[in-house]
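Across the two complexes that follow, chain A remains constant while its partner is chain B and subsequently chain C.
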Partner chain A sequence: MQAISERFKISPFLVFFIITDMQIGIGVLGYQRIIAKSAGYDAWISIIIAGIVGHIIIWMMYYILQKTGGNFVESNQRIFGKFIGNALNFILVLYYTALTISVLRTYIEVIQVWMFPELETWAFAAALMLLTIYIVLGGFRVVVGVCFFGIILPAYLIFMFAYTFEYANFRMLLPIFEHAVLDILKATKDMTLTILGFETLLIYYPFIKNPEQSKKWAHLAMLSTTLLYAVIAVITFAYFSEKQLQKHIWPTLSIWKTVEMPFIERFEYIGIANWTIVILPDMCLAIWCASRIMKQITNIRQKHSLVILATLCTIAASFIKTREDVNVLNDIVANIGFYFLYAFVPLMFTIIYVMHKVRKKA
Partner chain B sequence: MKKWYYFLFGCFLIMAGGCIRKEILDDINILSAFGYDYVDENKIRGTALISVYETDNISNETFVATSITSKDILEQLQHKSSDPLANGSIEVILYEDKLAKKGIMPIMDTLSRDPSLGTRLYLTVVKGTAKEVLEGKYANRGNGIYLSNLIRQNIEQRDIPKTNLHKFLYAYYSDGRDPFLPYIQRSKDKVKIVGIALFDNDRMVHYIKGDEMFYFKILVDRYTEGTHTIQLENDEYAAIKSIVTNRTFSFSGSKEHPKITVKIKIEGVLYEYSGGHYNKKVKRMIEKSFEKEIIKESGNLIKHLQSHQIDPIGFGDEAKSRYRNFSYKTFYENYPTLDIEVQAKATIIDSGIVE
Partner chain C sequence: MFKWFRKKQNKQKQASPINTTWELLNVLAQSMDFEKQTFTNANSQQHFWMSYIVPLVDFEVVQKNILPFLLHSPIETLDDIKQMIPVEDIIITSNVTTVEEKMHEGYLFVQFNEFANKGALIKAQRNVIRNVSIPEVEFSVVGPKETFLESLEVNLHLLRKRIPCNHLTVKILKIGKLSKTKIAIIYLKGIADEENVNTVTQRISEIDFDQITDSSYIVQLISDNQNSPFPQLLDTERPDRVAAILAEGKVAIIVDGSPHALIGPTTLVEFFSSFEDYFLNWYIASFFRLIRLFSVAFSVLITPIYVATLSYHYELIPKDLLGTLITSRREIPFPPILEALFLELTIELLREAGARLPTKVGQTIGIVGGIVIGTASVEAGLTSNVLLILVALAALASFTTPVYKMGNTIRLMRFPFLLFAELWGLLGVVFCFCIFMGHLLQLTSLGRPFLEPIYPLRLTDLKDALIRLPFSNQSTRPQQLHPNQLFRFSRKKAKQKKDIDE
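After this line comes the complex of A and B, so read on.
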């Protein structure tokens, strides 16, 4: 393993921005409806449960990384053998590529439905992917810089939710715990796609200066996104009646429709346009991870695999045509992410924990 | 190498920009209001109002088409218009009462589906035809803006409860609440609000007349303004403008058959008192008669709503949030016979600049 030069590394506090930005991607535009489907207006409890589970997974990831010297790809090879380890790593490449496609395609769908129905998917996908390639070529530090601005610049959007208070009816959240525990847990699973994104930590961990110190920032990031999701969900539930919410594919955007300012009649267009800044770092980081793993398991240069993967993303995104297809893609990504986060990471944790204990005794 | 990237990226930006259809303000017809009228069992007539912007005023132009679905009406209107019709700034949508009695959800569907419409647009029911209202000439700001201002100022300062597309859909999709809309009518060169149309699901079943609207508003809205004139015991009159109103519900008894108490609290300013001398005693008397009137009128109103099996106040939702395993079905089966009591507390906090 070659050590990463100090000048390519990032300060530990930037982990906060990477994680929050990866999490607040495309999911936040429409997760309220999905979780309310099974848990009704008790679904905010599911968000908090998902957040707690997320904290545990982050803790496990740090344990894994610290005990194995920080390189997840290599520790896969070490633990499962060269062949199976690399197969697993390759699945990770596919997963991060799929994540990029899903973010890209969902965002283009939003633009097509809300603003420009005639927009050609391939044209916009190609333009965004070119930008992504350009950013990723600048190296990991540039990607992190984009993540930083991806949180800071659109942060003002949170104030737009204040416009709903005029219509809010918080009573409808009562009584609490009206739904069965199983329903609430099912909604927790449905939160996966929205809460996904912090698993990229496994790949960029070697790039953090003093990784020990980044731990608190990672947890803080998890805590703030969980709180943000819970607050937005509660606001949404107060704004829509339950059956009305089920009618809206992107409740967050529908909420922005109610924003009224003297100089802008329809705020959601500003919101959607602004959202590019939020999803751009998502795509950059996901595709960076994919190409980084490629570099480690094959001897293709990262530059080349990056261009190949980006082309693949553009082509794949153009082939996805309807709402249903986009949904299927998102479900697939959410499922892989679910098993990766909640099955594979704990498995790795157990193996390494046991190995460590055994070695200590011997 | 770097230069090549820039060039390629620039090319794509230009290409991507050219892919979108432009909508230049001068080359489109901007709809500012839309009306639906009943023609026969299957057909509706749509009237589109377009604001034509001239140098010093806004004139109105209307297009009329008849068809089965509302999107198809827009299609047919398009045939009559030289510029494409843009519906992004519709302010008001009007429904003829005959149509509203049949149910407006089939034609509402397109409104909730269309991303270009705002959720703050007003829906109203018209006594007479919507076409007749839209064809009038009311002010030189254009009829669309006239109508929306008429409704807005009556919501903000007078006795129409808060209403718009979002509110309507909220109530429509809610199990424990029924929607309502303002009810308007054209009278020569003006449009006036004649009451509030009450809906059962999407069908208008009844309406509240002008003088009951104040009581309806204080029951429906949480914080609101409104003016009302009451007759006092000594045959004098007093006009009161309410500044702060608050209503709270309390439930007791079983969830199938609860006893509901509505507490209304009003703080207001005396606008006019015909009796001349005004002092503490008079103040107390006015407050007392106001309370009595609120209890009587609101009580009657609620009984009326109960007998029509409609719930615009949202008792169902209020009950749901207070009882576990609540069933809307049994609640509404018992709804007409529920015991609903009104209590009122009125305070006059000011009497204007004179004493």
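After this line comes the complex of A and C, so read on.
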């Protein structure tokens, strides 16, 4: 593998934008209901636990990457052998593709439910994938640029939560620790899909200038998304009653409905439309990662695998028809993500840690 | 089929090369504005032949400074000409190409022997240039009021006068098989990044084109992405602006015969900064820049949003406002998209007609269009009042872009937005925005990112981007240019704070 030219590398601080954007993605529209299912209104504790675990995983990932020279795909091959390593890498390709499909299809579902019930899935999926291809063809720097704007431009949406304060009742959160520890941990697991996304770091790590310096930005990103999730969750819990919350698939959108301005009602329309800017970088980066791994494990040019994967995503997204199917897909992605983050990464970490200890002794 | 084309190209008759000046003069003589005269020197009885292309020669110079000396001074050899004639540029040569080139620039060719190659080229150029005038495209109320002209020499003179500095370096290339246009690449050595200069030089020297008429040809030929609607080099007619950007470390290109200089590498935000911003207090300048930014967004987005909301999301509109909209649209037979397209196209027609017509008639067109068509179309029930107001405001807003070429791009940009708005409502507007965002992210100007300093984010360069901070904060040159000297002046001195009564 030839070294990546300085021209294609990004500044370390941009890692902050990549990670926050990948994490926020589509999950933030509806995670409140899912975590409240098992942990009730103690679920904000689960968010913080998930955040802490996330920090540990990021720390592990940096350890792995630094010890193996930054190339995760190659180190897989080295540690597990060419065959199993490549199989694992291929699963990663599938995972990132599935992530793209999941984001794409969930977003289209939101649109179909809230804005255009008649919207043809394949048409919008194809349009979004074409745009994704166009952006990814520009290279990693452009993808990161989209991530950057994906945070900067829709940032104003945060202020819209302030409109709920009028109706919020923060006493609903009390008493704290109503639920068993196991329930809270289960909610932590349910957070996976929402918190997912920072594992892309493993793939784009070689594209960071002075990767050492990016560490603090990665942690900062994790910290700010955790805080953001916690704050939004607390606001949601204060706004909805527990039973009512279970009736809203996308509580964030329901909250936006309360926004009223002299010239705009039904603010969620603007929110949903704006969300394109948030999910676009997710798809770009995920599919960039998938095609990048393909390039490393096979001889296919990244351009070609990109087009193939994008077509695959479009077709797959158009075949998923019902709410249940979307849920199943999201569960699958969340499960793979869960085991990848909380089982595979620690496993790799242990192997490499032990290897280094042994090598030092010898 | 391609083979067939290629064959035809090969068959194209190659003009037989000219080897002697005799042949050259014969070829030139085929045109009737060529003159070849014989004279005899009164002193040495030496015959000589003087040939020139009539329209290119200044006869005042010939009669005052050349002919009297040629006829009456003691000239015996060609080298004597150099001694005797009071003209600064005399070349003794037998090189046919030089002779050909110089004669086309307005030199006289003097031979002592009609058949010999050797002769003297005497400069007697005639230059017809208009006077330095007031900027029309980039007019400013305060500040200098001179513009570039169609002559490279004058333009360089205007620049040199503003930067009396021996680092100011000019590279001149000749491009164009037919036009042989002189193209000057200007930069400050030691300040501008050599890489930028090399990129420009290389791209210009690689141009293969027959006729370079204007600097806008060069923009299109050397742009990083030639299929982009966005101009990737800034053009200006103001020598003061060029002098200012040279001091920043940018590279300027001036094309002979074009009153517009090109500036690169440039960024998107630079297209929204008028040079007048630097003549005003920084609060006011920043305010105007923000106004311009807002007006561009407004101008591009307002009609698409109108179409999107009225076609799909009328829930968005509060009750009171909805009443107004309904009243104004009650009798309109068309869907919002047709209504919007109709008005937008009308505005485009007015603009185009105004631009093509002579100024005096143009004004009438504006009045006719603005008042008559606008009012009439509302009264006839073709368009709604509200949309008419929005479209007129959008048109007004689009005129605030200080760079004409960017204004054109913005004119064009609203149409894809309109179509997407009709297709997917607000979602389509955002989608189209994402397309432009992806496109702008990929654009580069001379290899430097076009969206800088926003992406890649360079906080220090933001001092002169969306807002303009005071001059005391402008002590560094833009990082985007990788200047060799980062500091323009001492920051400490500019920032020095004085105590009371000091």
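A few comments on the model shown:
The definition used in the following text is that the second predicted complex is superposed on the first by the 362 of 362 C-alpha atoms of A that agree within 3 Å, B and C clash if a C-alpha of one lies under 4 Å from a C-alpha of the other, contacts with A are read in each partner's own complex, and residues count from 1 in each chain.
The rule is short, and it goes like this: a residue touches a chain if its C-beta (ideal position, glycine included) is under 8 Å from a C-beta of that chain, and two chains touch if they have at least 3 such contacts.
In this text, all values refer to a predicted model and were calculated from it rather than measured experimentally.
Applying the stated contact rule after C-alpha superposition, one finds that A:Phe149 touches chain C and leaves chain B untouched.
In the superposed model, A:Ile277 lies in contact with chain C only, and not with chain B. In the superposition on chain A, contact of A:Glu242 is made with chain B only, not with chain C. When both complexes are overlaid on chain A, the residue A:Val113 reaches chain B alone and has no touch with chain C.
Touch criterion met: A:Leu131 reaches chain B and chain C at once. Comparing the two complexes, residues 115-116, 119, 124, 127, 131, 134, 260, 265-266 of chain A contact chain B in one case and chain C in the other.
On the chain B side of its complex with chain A, the touching residues are 5, 8-9, 12-13, 15-16, 19-21, 88-89, 112, 115-116, 118-120, 166-167, 169-175, 177, 317-318, 320-325.
Residue ranges of chain C in contact with chain A, taken from their complex: 312-313, 315-318, 321, 424-427, 429-431, 433-435, 437-439, 441-442, 451, 455-457.
Touching chain C in their complex are the following residues of chain A: 10-11, 13-14, 111, 115-116, 119, 124, 127-128, 131, 134-135, 138, 141-142, 145-146, 148-149, 260, 262-266, 269-270, 272-274, 276-277, 280. Looking at the complex, you find that chain A touches chain B at residues 113-116, 118-120, 123-124, 126-127, 130-131, 134, 167, 169, 171-175, 178, 240-244, 247, 254, 257-258, 260, 265-266, 268.
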